[in-house]
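Sharing a structure, written as structure tokens. Questions coming.
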Amino acid sequence: MSTPEPLPSERSAFVAPPPRAGGTAVLLLTCPDARGIVAAVAEFLYRHGANIVEVEQHTDHSDGLFFQRVEFELDGFDLAPDEVLPAFREVSDRFAMETELRLTSVRPRIALLASKQPHCLLDLLSRHHSGELDAELAAVISNHPDHAQASRFFGVPFHHVPIGADGKAAQEARVLDLLEGVDLVVLARYMQVLSAEFVGRFPHRIINIHHSLLPAFVGAKPYHQAHDRGVKIIGATAHYATADLDEGPILAQDVARVTHRDSVEQFVARGRDLEALVLARAVRLHLAARVLVHRGRTVVFA
Amino acid sequence: MSTPEPLPSERSAFVAPPPRAGGTAVLLLTCPDARGIVAAVAEFLYRHGANIVEVEQHTDHSDGLFFQRVEFELDGFDLAPDEVLPAFREVSDRFAMETELRLTSVRPRIALLASKQPHCLLDLLSRHHSGELDAELAAVISNHPDHAQASRFFGVPFHHVPIGADGKAAQEARVLDLLEGVDLVVLARYMQVLSAEFVGRFPHRIINIHHSLLPAFVGAKPYHQAHDRGVKIIGATAHYATADLDEGPILAQDVARVTHRDSVEQFVARGRDLEALVLARAVRLHLAARVLVHRGRTVVFA
Amino acid sequence: MSTPEPLPSERSAFVAPPPRAGGTAVLLLTCPDARGIVAAVAEFLYRHGANIVEVEQHTDHSDGLFFQRVEFELDGFDLAPDEVLPAFREVSDRFAMETELRLTSVRPRIALLASKQPHCLLDLLSRHHSGELDAELAAVISNHPDHAQASRFFGVPFHHVPIGADGKAAQEARVLDLLEGVDLVVLARYMQVLSAEFVGRFPHRIINIHHSLLPAFVGAKPYHQAHDRGVKIIGATAHYATADLDEGPILAQDVARVTHRDSVEQFVARGRDLEALVLARAVRLHLAARVLVHRGRTVVFA
Amino acid sequence: MSTPEPLPSERSAFVAPPPRAGGTAVLLLTCPDARGIVAAVAEFLYRHGANIVEVEQHTDHSDGLFFQRVEFELDGFDLAPDEVLPAFREVSDRFAMETELRLTSVRPRIALLASKQPHCLLDLLSRHHSGELDAELAAVISNHPDHAQASRFFGVPFHHVPIGADGKAAQEARVLDLLEGVDLVVLARYMQVLSAEFVGRFPHRIINIHHSLLPAFVGAKPYHQAHDRGVKIIGATAHYATADLDEGPILAQDVARVTHRDSVEQFVARGRDLEALVLARAVRLHLAARVLVHRGRTVVFA
């Protein structure tokens, strides 16, 4: 079997983000709502020479919580990346903030987990190839051998990890070994249920695609359920995986119209486009550090 | 209290359907799938001088059923309306058809049931006034007195039927008396649960609007449930009422995007537009005899 | 002719915004992009005791411009409304800002201009009645007498201002007299072209609805043009009126699918819902001080 | 350079259409509207043993024209494919019909023309690979060498046909040679204008994708034009190519919302998904013989 030569990158000018010397940093904040937060954060950044390129914030009035995302240029900023959060403690301690810092110069490492169905996997591989996903694709892992060649074609290492005689737990352990150093796990229609231990290793760092508009049609064969019910709209939901299946925080959803003329097979076919689009949108939002999670819901600064 | 003078009709040329001398008839058919149905129906109509203006059909391959809607002009047709189904028995008996005939010259009589919320009721009254609903508005019935004046303004009799000391069953009986001769009951955010007996009196002739994308968020306060779950899309569903609440055949659905910024109150506000649009769409489809029901699902020839 | 008694307000709890003691103020800023703007604005507000409830900002990198909308509670703020902009000059002068201040306690006065078609007018009257539009409806003005009764029903003064023997300019002058003290003019399918002088009196304070997805199908009879072209999607556009017809900054757009089955009349009928929804959305955005205009485009902080 | 081994077909059960012994035939009809057409067509097919699986029809009342699409099973039909239209003349002559017959057993041959941008091309190759396009991919032709490897990976012959020293007409002639025996030409973001002669060789058999909601933003750089105008919705249009660029009959359109935050680059990025989806939809409709053209507009029996 010949190994296809990986495609040369076609990342062209028209898809590239505007060049930023030094890159940017994203500061994500969550804290109890209070007066003066915005001023304190802005003053801190200004004092250290940051040029803010984007700020978004949200106040959840019923929970009394404040969320903020601040992106600023590192060029001209007088703190090194590892000095930012320590220096920022003068602000974060005062407001009891949870903080997270991400640097756009550090590309997250993604692993894609798939089973037999190719559409979400191929879509992500193709988007990464065209420069749309600002990340390193570290691995494709599947319990089936099907996607070896496509992965190789796109230059991504492929790992076939079937469920063997030693059972499902052993398979999961082998997958976990391969995920060493991975920042984000994307379940691209991966048909194996993950254990609570597995999920607990990657809190809000596993994105799953479910082929219904959750919470409708949880569990198996949602398109069949939807067809039986006679719905006029089908949907897909990308969410963070949690121990409770299909209960994780929702990142993105989308829908398509169907009619009585559409068979279950046509629900499935139309759903493929939905699933690929919604999953890609969720991955992009996560990679851009635009998602905060609170009480099982997401704040998405899109 | 002064009685507002009903508005003069503003049914203008641009909303009126094309004039048809004599009107049209709609034949709705359901039968086991077989060869020759289309030919037999078309030949029967042609032999009697019908000019077919619209035909739509659907074959449910999994159930082996055939559905058809044929609309034809009565001008030139050589059978009187009450002769059509008897004469058509030569065809319908042969194929074991269930048949229904509707004449566009006979305007259905509609009753609107509402509670406190005005948006669906006002929307339907306004659409009827502008000529969009080809029906007679026979009555507005409410368990609250709120909509008396709006109903009078649009020239529709209003009946306040509260739940009194004699209980809910007695109230329902009074409502049923008012529905004598009514062809379609529209629940325009009517907040009373109907008894199975009530629903059984109007099979597939009661249209309800539920403020979620069924089957998600059945029961009370669906927008609150949706907000708690952190959905990114909300919806509304118009369906025929059946004894099982929120389980009836779906006529129409629609959706709107929401974000973390939207409070429950904003879900409710955005939902009002959805509910009014979806309910009006369902009522129009029913009035145009474009809906067949089979096994809890609709065939909608839109 | 009897005068219908105005409806009692049905503004119910479920539509009301959260109560704010003292109300809020909205500060709108436009200036050349520079470091320190966010910090300077936030520090000014914090120093004067403002509790910021919402901040949104946008940087137009190609034009080098910064836009911001800050909403803060007046309760606890130590400046009177008329002192805010003078005191803020320490910031606004430094960054060469254009500023605007709006108080939510001051309800804008709106005039609705209509011709024969009722759908946009009735929709806005109905929304205002249900508490959705935070404004005072000062007048309905029409060159036709049709909407007198509906306006009275909703408790809004109606003015019939036909084009008389003295010509169109004289009619426009009479309309302008009626607009004395009006903050926002909404053209709810008003079919008269406004003069450049008229438009110049209300810069970015006249909202028009055009029944196409601009810039497609400018000018007369856009649905007919769209039908001739065989489009599969129709749309509606709400925009600020400018001297160049149909060229003003776009506030909101929406679309609906059509097929070959839809006649021009059906384009028109489906378009009515679109127009009413899009116009209402634009009016809400303007009333909430969520719109800034620059170089013929809007920044909409929705 | 190694030649990648073509992927094994992954056409799985869940995407396959229901199996039909003998396949089906599609009869497409256009004629002046008249009584008896439906009956005559149905009677002819019934007499020859056809089992009709789908009928759709449309009457254009303003032009007085009737359009019909009838799909029937060949199993049990007593005419050979080449006998159908001659035998059908008893009907088609009587009603002055234009007729077309397509057999689903004969897979159309498609050529994909592309330039540098890969998204529409890769999307179609991927859909074909997954069994979604019922056609033979005969060739990928490009004026750039970029897509050689991707084409080979998907097992489709690739032809690099640059514009050489002998000019554009000579290049077009070489492309035309390669299109010998091709039934459908798909312009997957092919950036060369085709001559009228070229287009005339494939009447209603060239599908182009334009990256705007036509007729808005014809010509070059539509996303730039759209951004300049400040639109809130962008779109894509698939249409048959005609001698007048961007004026051909529209097959499919779709839209996406944008805001002031979206740069031209983001319009382009979001548009890529739209373009691929709309183009694929148009190709599927054409392949399923669901499109009739009349007076520059399509009748799409979807």
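Think of it as A, B, C and D in the order they're written, each chain with its own count starting at 1.
Throughout what follows, a contact is a pair of C-beta atoms (placed from the backbone, for glycine too) under 8 Å apart; a residue touches a chain by one contact, two chains touch by 3 or more.
Nothing here was measured: the structure is a model prediction, and the numbers come from that model.
Remark: among chain pairs A-C and A-B, A-B carries the greater number of C-beta contacts. In the CA-based superposition of subunit C onto subunit D, the rotation angle is 180 degrees, rounded to steps of 5. The mean-CA centres of subunit A and subunit B are about 43 angstrom from one another, to the nearest whole unit. Between subunit A and subunit C the centroid-to-centroid distance comes to 37 Å (mean Cα coordinates, whole Å). Contact with two or more other chains is made by residues 18, 61, 263 of subunit B.
Across the complex, subunit C is touched by residues 58, 60-62, 213-217, 229-233, 235, 249-255, 259-261, 263, 296-300, 302 of subunit D.
The touching residues of subunit B, counted against subunit D in their complex, run 18, 35-36, 38-43, 45-46, 49-57, 59, 61. Interface residues of subunit D, counted against subunit A in their complex, comprise 1-5, 7, 10, 12, 14-18, 116, 118-119, 122, 126, 130, 132, 146, 149-150, 153, 263, 265, 268-269, 273, 277.
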